[in-house]
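Notes to accompany the following structure.
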Amino acid sequence: MNDPLVIAPILIPLFAGALLLLAGPGMRRQRAIAGAAVAALLAVVLLLFADAAGGAVASYRLGDWPAPYGIVLVLDRLSALMLLLTAVLAIAALAYACAGGDAQGRHFHALFQFQLVGLNGAFLTGDLFNLFVFFELLLLASYALLLHGGGAARTRGALVYVVLNLAGSSLFLLGVALIYAALGTLNLADLTRVLSGAEAGAHGLVRAGALLLLLVFALKAAVLPLHFWLPRAYGRAAAPVAALFVIMTKVGVYAILRLFGMVLAEPGGAAGPVAGPWLFPAALLTLFAGALGLLASRGLREAVAYLVIVSVGTLLVGVVGFSEAGMAAALYYLVHTTLLTAGLFLLADLIAGQRGGDALQPGPAVRQSRLLGIAYLLGAMAIAGMPPLSGFAAKVLILSAVTAPAVAPWAWGAILLSSLLVIIALSRVGTLLFWHHSAGRRGGRAGALTLIPTLSLLAAGPLLVLFGESVSGYTQTAARQLIAPLDYMQAVLGPARESAP
Amino acid sequence: MALLLAGVIGIMVACSAYLLLRGESFPVVLGLTLLSYAANLFLFASGGLALGGAPIIGAPGAGEVDPLPQALVLTAIVIGFGMIAFVLALVLRARGDLGSDRISEGQGRE
Amino acid sequence: MEPGHHWLMLLAAAVLPFAAAPLALYLARWRRGLVAWFAGGVGVVVFTALLTLAPAVVGGASVALDWPWMPSLGLEFSLRLNGLSLLFALLVVGIGLLIFVYTHYYLPADKPAARLYALLLLFMGSMLGIVLSGNLLLLLMFWELTSVSSFLLIGFETARPEARQAARTALIITAGGGLALLAGILMLGQMAGGYSVEQVLGAREVIQAHPLYVPALVLTLLGAFTKSGQVPFHFWLPEAMVAPTPVSAYLHSAAMVKAGVYLLALLFPVLSGTAWWFYLVVGTGLTTLLFAAYIALFKHDLKGLLAYSTVSHLGLVTLLLGFGTPLGAVAGIFHVINHAIFKASLFMAAGIIDHEAGTRDMRILNGLWRFMPYTATLAMISAAAMAGVPLFNGFLSKEMFFAETVHQQWLGALNWLLPLAATAAGAFAVAYSVRFIHDVFFNGSGEHLPKRPHEPPLWMKAPVGVLSTLCLVVGIFPEATVAPLLKGAVQAVLQAPPPEYSLRVWHGFTLPMTMSVLAMAGGVLIYAVRHRLFALHDLYLPEYSATGLFRRGTALLLAGAGAFTRTLDNGALHRYVAALLVTALVLGGSPILDGLVLTFPSLEEVGAGAGVTALLVASGALATAAMHRHRLVAVVALSLVGLGVVLAFAGLSAPDLALTQMAVEIVTTVLFLLVLYFLPQRTAVRASLRRRGLDAGLSLGVGAVAAVLAWEMLNQNGGSGLSDYFRAQSLPASGAENVVNAILVDFRGFDTLGEITVLAVAATATYAALYGLRLNLARADERGRSWSADPHPLVLAMTTRPLLPLAMMVAVYLFLRGHHLPGGGFVAGVITSAALILQYLASGVGWTRQRLRLEYFDVIGGGLLLAVLTGVGAMLGGLPFLTSGAAQLQVPGLGSVKLYSAMAFELGVFCVVVGTVVCILSWLGRLSLEQAGAVLPRQEAE
Amino acid sequence: MIFEAAVALLILIGAVFTFIGSLGILRLPDFFTRLHGPTKATTLGVGSTLLGSMVYFTGATGEFSIHEVLITLFLMMTAPLSAHMLAKAGLHHRLPSIAVPPEKVPSEEQRPVDPGPNE
Amino acid sequence: MIALAVWCGSGLVLLAQLMNLWRLLRGPSLPDRILALDTLFINTIALLILFGIARGTSLYFETALVIALTGFITTVALCKYLLRGDIIE
Amino acid sequence: MIWLHRLFPHPLFSLSLLVVWLALVNSLSPGEIILGALLAVALPRLTSPFWPEHLRMRRAGRLVAYAVVVLWDIILANLAVARLILGPTRNLRPRFVILPLELEQPVAVALLANTISLTPGTVSADLSRDGRLLLLHCLDVDDEQQLIERIKARYERRLLEVFP
């Protein structure tokens, strides 16, 4: 118990962030601190991941207070997976930013580290209110990072993003309040335990609270009709920022999984299938809104942003049943889509830079057209779910998991049709970018610092399929651990409490 | 008392919702502030109501006061303050970058 | 070779082309010619590998290779070589090899040969993958790869808009079909319990009895039909003729389009034999056969004619498989072989003609016989095969086809329709074949061609020669040539010994023979009256084009997507917020409607204080909303709300909250004023009455939900076991009398750490957001009054200065008291900052900055570090992060002083708060200073 | 008894003056006259209440309670400042007044280059 | 007796608050509203003290102290805003 | 002496701070006195840059008498104003009065202005840029000159003694 490594993913970037505030304006020093921090973070997270993969749930009692009184960090397979994804994105985004993007605004590195604190905290915490705190932290950092680099478009996108999310933050508090009032605890494991024994009268409150939280998480995840902020925010953010932001929608999905897949999903649990009936139609509509938005995109980054929305819809189709297979498939899809869309954001930036603009209009030829063209092709195929890349495996997993006769026709139809729309859109975009040229000024060649992270992220497309069985094996056990949280409860509450009614 | 508090929270939420629907940065920020006040009260109320006590050992009625929501609200107040401060800065940034107070895209018509 | 090593050969055949494709790209940098040799070499190796395996396979054995890949998915890397796959594989690689040779001479020097070869290799590998896959999911992977490589090959000449368009069309249709196929295969796999071909083929009864059979069948057929260009998905194929001719010859006649047919043949044992199969497959095949044969005649472009002919022949094969009979299958597979041979040859011939004469338009071409007799001869042989002339290979399979149409019995009284339609299609085939030959090689002197043609180089002709020779050899000696291959294939398709059939040329005067004769005669006749038919066609079917329909469809889709997206997302925040609120209303309200027991309000006594407090808050909120257009008034009203909340907290046993809320309230108001200065003072535009009404309705709804939930929450509150623990442990374990403070700095100190991190980020974020911002300064207030000339009223300045140390003393008091009484690091920090801000207010930025030499970020970062390090300190002692500690200190004269680690933590909090608040407010204040140069009256700025 | 009476009296005096001050805000005819109500009445009002509190807690706990004095002290430092600034704002806005306002607001009469308050 | 005095006193102060509220909502001028707000703040101090006496606790002292010390900042800032627009210059 | 001055740049203020501290903590325990003394030394030093630069003071003890006078006047003022508020408002005779100042030190001027605001029916409404004229608003003025003289006699004279 209380392995200090568990808190390291929070402390490392927090420490680095504080140092960066003190470090002054020199970019070299800032990059050194940030780079060292992210490298250390990745190393720690890899160790934690290896631990979690073994199946053990580790908990960390902050202040040495026993749960449910103090705050507990919990590392299970799901959180370890999210931490790893975050660390991978972070290192790629940071490397990309260090090519010069980081100097286009103030305090990039400090904000970046604080964003990581928020993300890692949200993935690790085992306490509902503490989750709120980390949500706020990661949001606030993201607000500022979104503005990084300046410009009217970013400001406009940020306003919408910030306003909606601030309203969401207040709703989060309402949800927490309702759940605390009904159940008298905030610890997730304790909530899971208590929920089976809660009085009938309290369940309405729990449901109301849970649904408000669902709203908040769906807002973060950009589920229709709460997705409006995303295309503007992601489509306009600086490339490394957008790449890191990809994980942010996944925080919403993670929270949905944690709350509705674990806390409220106990068999015979109090709240029953709370989220599913709302989430399923929303997921389908999200898919379509995303795909149509993608078709309507006028800029490359905007298109990638809509791909994020499509992916959220697909992901939730897998999630909504809150079945083991569905969540496992969704997690596989999550890994795939996170890495790929992040890579595509970086790639879009490279392409836009080399053809002198982001607008989806004929432009000068991309300078490194063969390399970037192949990268685009692979990325587009993977994200569209075309074989033999990761998107295909992910899609098949999700389709195979959603077989209930009531939902399957809708789910299958929506996923396949949206895939077609994505193919239509991405083939248009691709031919426009790489085949349709007009005269104009174009940018210079991309350096290794930007190319390597971009290509590495896109390499997830083939790699996730090549090692598909390991990945899907992991996600399967992660889903199993989530849906049967005995280990989780035992790790948090200890053996004595876990067996209490 | 409960009814009164619930009613006040309802009014605050309704007013903040109306302000959020104004679509201009300043009223919207007013609405956000009001909403966060309402949310804080709501969270505060999750511990139940105790009149005239204090969650301090030895204070009158200390046993009836649930201290946890108070601690949570304190955190929420501070976080809310940070958020409002930033969003106000953002409003200024928007003023500088966009010239207008209206939060909408070029073609945005309501 | 050892049979044990067969799988290695198989693997080599499947993998080599993929491995070679990127190498080809690389080699071309070195020398252009090398890449053709390289590709050819790969082709030869693969072909040889297949041939070495052939004897065993033809003998009835099957070579297999199975590696688990993603068992959880049902995906195995499983390769199978049986009769059917061997036949297709040989076709794919054999014709591919010829195409590689042809390409080298065909491609102009300025075109990127490497890309072409790489893509052709990629395609060859994918196609081989399809036919070798022993797992349907694996098959699907290769299937889609052929779509992608086809897309890239059609778009090879990227600069041509029609190439890009055609490439996209092909991709959309075939990939769309691929998606349908995916669904179909997933259903089949679920029905069969796995995706291996053996498993699926063995589950015929289960599958055909399953309720999902029909959807699975339809979806699978959609995949096959789109790939094979069946009507109504045929149009991508003629459009794809913008591709370089080798590509057309290879992908779009000999290989890729056969994938659909291969799939039909592969799944023939499972899916066929039902009425659904018959009607769907026969209906589609027949329509395609007839329709495309008819259209082919009217295509003036050589490649267009061949393309429609291809479509028509694919329809024929489909039709044959649709019959569901063993003999139909035999005929279908036989025709696949024959068609691949003569059509590839014809395409290459067309390429030569284009290359030499500079045009493919048959209205311009004529009399080429004079210039290129060898090519003409070869083309004529292949065209004869296409027309089904006896002694050429096409004749044999067409005879079998005619025989099958005569024998099928599905249509009952309308059984005669099929032979009739078949004969008609045959006649058109003859007509367009004659046209191909006569219009191009004869029919004039060839004087007015764009280019003076010559015979092409030998190696360009050679592939055509090989194939044309095959037409003849197969046509005359079928038993000696294709029979074993065909037999193996048929056996694999039927999963049973093949039926009795004869490959002899002459069967006597049978009905099929009569039909052949009729078709020949009819064809010649049609060709004779072609000019009249052209006129009629142009008159009645002017510009018929599925392509046009498709393009309009895509354009509509794009326009629709744009309209939808911009209607849904109109860019206005109002819409987004409304969506959020409606969702909140629905989600928060649903439990209320849905069984949340509403407790009836008991008329309890409400104290006057509570009533007035509630009135303050409520009227403040209402005033903020009602007067929001006059913004300063709204700020005043909002302050009223804040004050009311302070009173409410005080009344409801929360002194700490009252204190904190009060301190924050002040700073917030100052913040609002700082910002409001740069904004319009009033909201200019007023929303319509209707809008305001709707907004008010929605707001009331959301407010009502919040109120009901709050009411329920207050009534159903059962209390928490946690609070008892906190009360009990606060003093003994945490040393604090103030339980709230104990929670903040100890039990949930981690929240507080997060909270101050948020503050630090808020300062950082604000700084970053405001950095470099330029704003217009208002020279006058909203009514045009110029500002007061007195920026720093003396009375204000003088009075506020002594307040600073006083306030700091109070801050120290609150800081130290916090552990036991209301207070703490946060409040202390806010009070200190408020006092500092007061100095800014009273005496200005310049004056204050001179005296306050504080690097805000040093204070913030330092405070944050202090808080973190306090937590880390515990870890050094082997305790978890943030574990509190206390030390008893004996100070002479003071007695014992207890020091808590929480104090260091609180000091960190204090520093972060001071740094943050002062940083944010002074930065906002400084904005005006930095741009005092750019003064504009507010009115102009509006 | 005397102790209780004193407390009660102080409290009531305070409350009455507080009330009157606010009544002035409600009743008096123009802004400048309204300004007089609270800025003075409240000082005594709150002051007297605080005195009551001091007496009460000193009597009730037996320990000398003096910290309420600080509230009065702070109020006396800050309340006149509020009044001053409010009056300045009212003058600057040329609010309607029964008293004849000066032709020009003194602080805006001469406009030398602002040297700042101390320089 | 004290209880009665506190009860009456609270009533009077609450009435005072209502009158201030009326002025704040009614205006008519901005300085009027600010004046009302300022008075509301100050009266709140009285209210808190009375509350403390009624409950026999001095836990509200800190809040009252902070209002006394910083409440006027709102007023000053608002007035400065009316005078100069730019409150920190 | 110099070290003493350095330690206590504003000895009087330090003393007041100590008193304030003891009032705050409501205690006279030695620990609090020491702590208060420490703060009384530290805080003025810490905030000394914010102090008025040229403060000339003498006979500071007279400020106590001044305070007593002011407090007495406040009580009277409250009664007077209460009567005015409760009475018929049409009888009011509000006036703007300009008070010429003899005080020169800004601190003293501010102190006077605040005193005036705290006392009978007068609010210091504005100060001229040169600090020589103080504009007052008076709630009910009978004789303007008498008012000015009264203020000068009761307050300004006493302040001039302390802040020459």
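A few points about this structure:
Order of writing sets the labels: A, B, C, D, E and F. Residues in every chain begin at 1.
Convention: contacts are C-beta pairs under 8 Å (C-beta built on N, C-alpha and C of every residue); 3 or more make two chains touch, one makes a residue touch a chain.
Note that the structure is a prediction, hence the values are computed from the model and not measured.
Under the contact definition, chain C and chain F share the contacting chains D. Common partners of chain B and chain C, by the touch rule above, are A, E.
Between chain A and chain D, the least number of touch steps comes to 2. Farthest chain from chain A, judged by C-alpha centroids: F.
If each chain is reduced to the centroid of its CA atoms, chain A and chain C end up 17 Å from each other.
Note: centroid distance chain A to chain B, computed from Cα atoms, is 27 Å.
With centres taken as mean Cα positions, chain F sits 61 Å from chain A.
Taking each chain's centre as the mean of its C-alpha atoms, chain C lies 68 Å from chain D.
In chain B, the positions touching at least two other chains are 20, 25, 28, 38, 40, 42, 45-48, 52-54, 56, 68, 72, 75, 79, 82-83, 86, 90-91, 93, 103, 105. Those residues of chain D in touch with two or more other chains are numbered 21, 23, 35, 37, 65, 67, 70, 74, 77-81, 84-85, 88, 90, 92-93, 105, 107-108, 111, 117-118.
In chain F, the positions touching at least two other chains are 20, 24-25, 52, 106, 113-114, 124, 127, 129. Of all possible chain pairings, those that touch are A-B, A-C, B-C, B-E, C-D, C-E, C-F, D-E, D-F.
Partner chain C is touched in their complex by these residues of chain E: 10-11, 14, 17-18, 21, 24-25, 27, 30, 33-34, 37, 40-41, 44, 47-48, 51, 59-60, 62-63, 65-67, 69-71, 73-74, 76-78, 80-89.
Across the complex, chain C meets chain B through its residues 566, 570-575, 577-578, 581, 601, 604, 606-607, 610-611, 614, 617-618, 621-622, 624-625, 628-629, 631, 634-635, 638, 641-642, 645, 648-649, 651-657, 660-661, 664, 667-668, 671-672, 674-676, 678-680, 683, 685, 687, 691, 695-696, 698-700, 702-704, 706-711, 713-715, 717, 719-720, 722-723, 726-727, 730-731, 737-740, 742-744, 747-748, 751-752, 754-756, 758-759, 761-762, 765-766, 769-770, 773-775, 820-822, 826, 916, 920, 923-924, 927, 941. Across the complex, chain F is touched by residues 17, 20-21, 23-24, 27-30, 32-33, 35-37, 39-41, 43-44, 63-67, 69-70, 73, 76-77, 79-81, 83-84, 87-88, 90-91, 97-102, 105-112, 117-118 of chain D. Residues 129, 132-133, 136, 140, 143-144, 147, 150-152, 155-156, 158-160, 162-163, 166-167, 169-171, 173-174, 176-178, 180-181, 186, 232 of chain A touch chain B in their complex. The part of chain C that touches chain F in the complex is made up of residues 789-790, 793-795, 797-799, 801-802, 804-806, 808-810, 812-813, 839, 850-852, 893-895, 897.
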